[in-house]
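Here subunit A shows up in two complexes: once beside subunit B, once beside subunit C.
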Partner chain A sequence: MLSLVRSMWLIFLHMFHKRETFQYPEQKAPLPARWRGRIALTRDPDGGERCVGCYLCAAACPVDCISLQATEDESGRRYPEFFRINFSRCIFCGFCEEACPTYAIQLLPDYEMAEYNRQNLVYEKEDLLINSEGKYPGYNYYNIAGLAIKGKDKGEAQDEEPPVDVKSLIP
Partner chain B sequence: MTNFWWIIGGVLFALLNTAAGLIWVERRMLALWQDRYGPNRAGPFGVLVVLADTIKLFFKEDWIPPFADKVVFVFAPGVVVFSVLMSFVVMPFAPGIVVADLNIGLLFFLAMSSLGVYSVVLGGWASNNKYALLGAMRGASQMISYEVFMGLALMGVVVLSGSFNLQEIVEAQKKVWFIIPQFIGFLIFLVAGVAETHRLPFDIPEAESELVAGFHSEYSGMKFGMFFIGEYLGITLISGMLVTLYFGGWLGPAFLPPVIWFIIKTFAFIMLFILFRASMPRPRYDQLMEYGWKVLFPLSLLNLMITAAIKLWLNT
Partner chain C sequence: MPIIHIDNKPYEVKEGKNLLEACLSLGLNLPYFCWHPALGSVGACRQCAVKVFKDEDDKKGRIVMSCMEPVKDNLRMSVDDSDAKSFREHVIGWLMTNHPHDCAVCDEGGSCHLQDMTVMTGHAYRDYRFTKRTYSNQYLGPFLNHEMNRCIQCYRCVRFYKDFAGGKDLDVFAAHNHVYFGRQQDGTLESEFSGNLAEICPTGVFTDKTLKEHYTRKWDMTSAPSVCQGCGLGCNIIAGERYGTVRQITNRFNGDVNGYFLCDRGRYGYEFVNSKDRIKAPMVRHSPAEGSNGIPLMQHIRSKIVSKKVIGIGSPRASLESNFVLKQLVGADNFYLGVSAADHSLVSLALKILQQGPVRAASLQEAAAADAVLILGEDVTNTAPMLALSVRQAVRRIPVEQAINNVHVPAWQDAAVREAVQDSKGPLYILNVLETKLDELAKGAYHTAPDNIARIGFGVSHLLSDKMPEVTGMSDQGKAIAQEIATTLKNAKNPLIIAGYGSGSEAVIKAAANVAWALHDLGIDAMLTFTVPECNSMGLEMLGGHRLDTAMDQVLHDAVDTAIILENDLYRRLNHHTANHFFKSIKDIILLDHLYNPTAEKATVLLPAGTFAESDGTLVNNESRAQRFFQVFTPGTDVQESWRWLLQAGVATGNASLAGLVHLDDVVSAIARTCKVFAGIDTLTPGAGFRIAGQKIPREPHRYSGRTAMQADVNVSEPKPPEDSDTALSFTMEGYRGTPPSAMIPFFWSPGWNSVQSVNKFQVETGGALRDGNPGKRLIAPNVNGHTPFFTQVPEPFLPLAGHLLLVPLHHIYGSEELSVHTPGIAERMPAPYIMLHSEDAKRFQVAEGYLLHFIENGHHYTLPVIINDTLQQGAAGIPVGLPNMEIAEAPQLIKI
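Let's turn to the complex of A and B:
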């Protein structure tokens, strides 16, 4: 009986406590630094698309919400012809980001994606591409990779030695 | 005669608005005690949430289940509002401001508040739903058993004031409020009053976590709204009765008019009801009955006997 009175008193004292609520649209909750929110496709420092259309993100996605079609441009760079993420399925697990070999796909700390129409949650490539290098500034896949593209032959990549001519006897 | 109609109109207006306003008050107070804000968007401090709720209730589909007993099903929600409003007939808000100054006012109140149980029983029975029936059964036994010592607890006040007339009971508290000589009676009446309005912690006829919504599981739209309004009117009624019987009714220092004193005191008790809801767990059904019959019932009898004995001893 006394414990009831005591708990009533303690709850009455909560009147003078600070309220825990965040008044959401005006006041936003602080997000952790590694918050996994909206998925974006980032760009190279020189503005090219980082995505090389390797399908690893689509393979890693546990809910199969990513679909893309890789293609190649005249300079030999691979890029996605279309890249589509269905955010009504996406569970923001971040596996795509982990799978991505070129740091192209990244999860941003943005969660305000609500829509009235479900179809609007299907983001196309132009909705996903952002004009930023995301979490890895200065990274340019084609500058590092040994793949030959137009304007950069084998052995010309960063820290890459020129290829050895295996048919030559000259040391 | 015109004065009489003004009082009826005023009382009805004040009560229905209080009952509606309590929806907002309760949600805000519960939120305050749980470190939240509660409804604060619609209108100043969110008061217009009442309007939104009312409009919503009116426009909800008023569904009568095909398996229900239609006549009784429609009739039941009206009973609770009617019986509680009838109880207010004898409530003295200030000297002269009372709808009917009955000389058996207290008995009338007990009779009318007992009628409220019909609403629970009929509503639960007519719903033809096992959860509703369980809720109604619990409600019936709870209200009937708590009714017994509710009346007995009030008899202490009657013994002290020598009258069933509520205005005379208030007048008898000019020297000292009955809370002091009748403290145990007050506690018993408070507990019984909470059970009578089946508010938390004694909301076992509803018991959301066990019985869906108890006796009004099948109700929707304004019929559910009637149960809702009836509950809030019941809180106001019990708070008003506590004030009238134990806290000197309209009596208070003269710098405020009597009606204001009555309203302030009643409001304090409404807050207490909401605090009960915020802080107490719901007892098990058998615990409730055991507590009622084995503790409160003997205690109220004892209280009545001791009060009467002291009264007799003082008089001789």
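Let's turn to the complex of A and C:
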């Protein structure tokens, strides 16, 4: 009996608490930066595509909803010729982001992706690529990788010595 | 067999091996880099450290390199010892100090031995914070990409390229921590076996450049066991596909055939499958079949076959199944072999010799173990490339044996053995119309016209056997050569005689048979290798059919309405005029082929035939080994196996002999039933009903990615995956994950072993046969009945004839094969058409290097630029055969200038 009264009293008190319910869509919940929502392909600080088409995200994806084809441009940079995510399959686990060695693929705090037509959930590279570095500003894979591209020759990446002179006799 | 104790467990191991081989053969995971089963040990990388103990009481032990330590009875060692483990981890750590941050953009990634070994040792974090050494890369030609930063200095590349394959233009430069593996300067790697570097190199320094054009990770490929279509040797390959195109060819280990290696024609010649010239849909009179008068395709075909006089022309580059079904469809009387007159004579002669003679055909691995080699009229590097690699090993056999006996080192002690062997070589004699790449290894290399080569061969057999007549009128030099060769061969235990289609001369093939047979009569275990031009030349010949020139006679007598041509460009088989004539005289041509070619232009009905990648089938190689190849992917177009098209035509026309045949197994067992020569080909691989643990064998690795996205742009609901009703392989990643039967291995992978090195896990012992035996079945056994059917007709010597030249065929690894030239890299390395003359002949016809020589043959005009080469015999002219635009189908032949 006593507990019943106590419960009713507690519920009565809730009338004076701050409301937890959001009046979506007028009102939106604040999301933490690491919220795993909409997936995007981000860009380098210099504006180039970050994705190098390494296929690791595709391999990591437990529902196999990423597919792409790598190719190379004139400057020697690798990039995806096409990059497709089938969001109707995606479970937003974030494994792709974890697998990505270039910080290209990122899950962003945005969940508003609903569609009436399932086919519209198939995103191509144009739909995924954003004009931002996302959560990891300043990172440029090619500054670290040993692969030479136009404008960054051998020996010019971070912590690299100039290329060995094979014909030198100096010990 | 000695017992060794590994981590206190006793194991029985094989005598004469090293500890690394012993551990790997036992299935233990022990990291290594520089050791390779085909190359032996040098102890360069220090990765394979283990601990060896003096005796049971020794608790301290000492660290040794397992690849340098022989197996000894009662030896005690530890793989898991913490010192050994930490040693191995540190070695990787040091190798990694200079490694670029590259895996994401490295084509080796996912099939990288360095990645595998790094994970295996547990080296997970880089704690070295200082600078990295870098290198500049080189341009190495159209086949290989170079990225020197990734090198770990294991020396495998140079050991393969220089020591094993005899290449000259790859080496190690500089010193100490600056060593550099590359060429003296940028340029195309010259060796015909350069592509193997992509598999030999445990890192991403050398990678397949054609793969890079459409890069796909190993885990993303749908792969199937296949057989190379590049020449008659039938090397085993794995072909990988993604998004409907073939991406890469890799080696499929077969301990009887190609072992660990492939030639560059075989590895890179696949791009015709992806060519834009592919025939993708059936055509009737050059317009899509659906559109033509609303008549279903099969009705068109029916109307061209039923109550018509039909002939069928088979093909040496089509599977046995396709040729067989065509033969049944048109009837044996109307079946012709679609090969040139010369090829027909040569291959049928070679077949007859193997069937009726007492000497066996050598497999590639047996050839590599020969202790004396005689090559008659063949430039094997260009006509049967992997055979050249075998010959390179054969010349080392005797010196290596001596080294092992004299210095008492095991064969796997590669550096020590090479040091002891130095430059000494076993006996190799080469008689050819021109110099060849193997001449550098030969005790004697002589250059003369095919008939003179044959005469020397006859001379050798006369010296070996009194059943052979003396060759009269031989020069003193010829006699001396014959004497020298005869003496050498007589002293050998396993001599190998090589001849074949290369010289275009039957006399040369007969001479080779005579020599081998004479040796056999002396009680010597001789072997014969006959090269054949195409991947199924031997199978087609064994199936049997009329000569193509008799088809011509038939047609000219106006007795033929329709010709069904199977995977064949008749302009490569007949000379231009005859072919034109042929097509003019026949009403309807039904062609089944892969690519648009001059014959396709003449076809009334054109059916898109699957290439090796879209088909199942069987090929018979030059030693009569029948081997199955499996479909890699479903093309998603109308393309299907030729045999399936022909079976459908059989249904449409109500052909009784084909009734009830639907699947591969049906056709294969029909062949085995009806043709005695092919008995047993139905047991080459398990049939379509085969299951392991109730499951099929998946063509895709379990990491295959993207299957819910690859077709989502077309339709978000994934279609049902294609089913394979013909074989026990599935087109998906679902299925049995363990070791499949050896003839059905779609890719090599084992837990922790993503790279090609995982083949160790599929062998009974490292470098040994595959688990349940090497795949393939030799169909011809030597006929040992005490009677040797010698050829006693000695050919006349070749003498230059005034106003004439004898055209002799010259073959090119890049260019002479019809389909591989569709690979841009191969086309790039193909020579331009030419005619090769001796300088005296050039004077005789008043031409010089670079001049155009004009001649008329069979009413056709030829104009070819002249190349001078004085190794050619006077009166003979070399002509490159098979090059696109060469148009000469027949060589050798005498032409008037």
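Heads up, the rule we're going with is that the second predicted complex is superposed on the first by the 145 of 171 C-alpha atoms of A that agree within 3 Å, B and C clash if a C-alpha of one lies under 4 Å from a C-alpha of the other, contacts with A are read in each partner's own complex, and residues count from 1 in each chain.
The criterion applied here is as follows: a contact is a pair of C-beta atoms (placed from the backbone, for glycine too) under 8 Å apart; a residue touches a chain by one contact, two chains touch by 3 or more.
Because the structure is a prediction, the values reported are computed rather than measured.
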Subunit B versus subunit C as contact partner of A:Gly53, first or second or both or neither: second
Partner chain in contact with A:His17 - subunit B first, subunit C second, else both or neither: first
Touched partner set for A:Arg84, first subunit B, second subunit C, both or neither: second
Partner chain in contact with A:Ser7 - subunit B first, subunit C second, else both or neither: first
Which superposed partner A:Ala29 touches (first subunit B, second subunit C, both, neither): neither
If touched residues of subunit A are counted for subunit B and for subunit C, the larger one: C
Overlap of the subunit B and subunit C footprints on subunit A, listed as residue numbers: none
Complex interface listing, subunit A residues touching subunit B: 4, 7-8, 10-12, 14-15, 17-21, 23
Complex interface listing, subunit C residues touching subunit A: 99-105, 109-110, 129-137, 147, 149-150, 173-176, 178, 180, 182, 212, 214-217, 219-220, 243, 703-710, 712-713, 715-717
Residues of subunit B that touch subunit A when the two form their complex: 32-37, 275-276, 278-280
Touching residues on subunit A, where the partner in the complex is subunit C: 52-56, 58-59, 61, 63-72, 78, 84-86, 88-89, 101-102, 118-119, 121-122, 124, 141, 144-148, 154-155, 157, 159-164, 166-168, 171
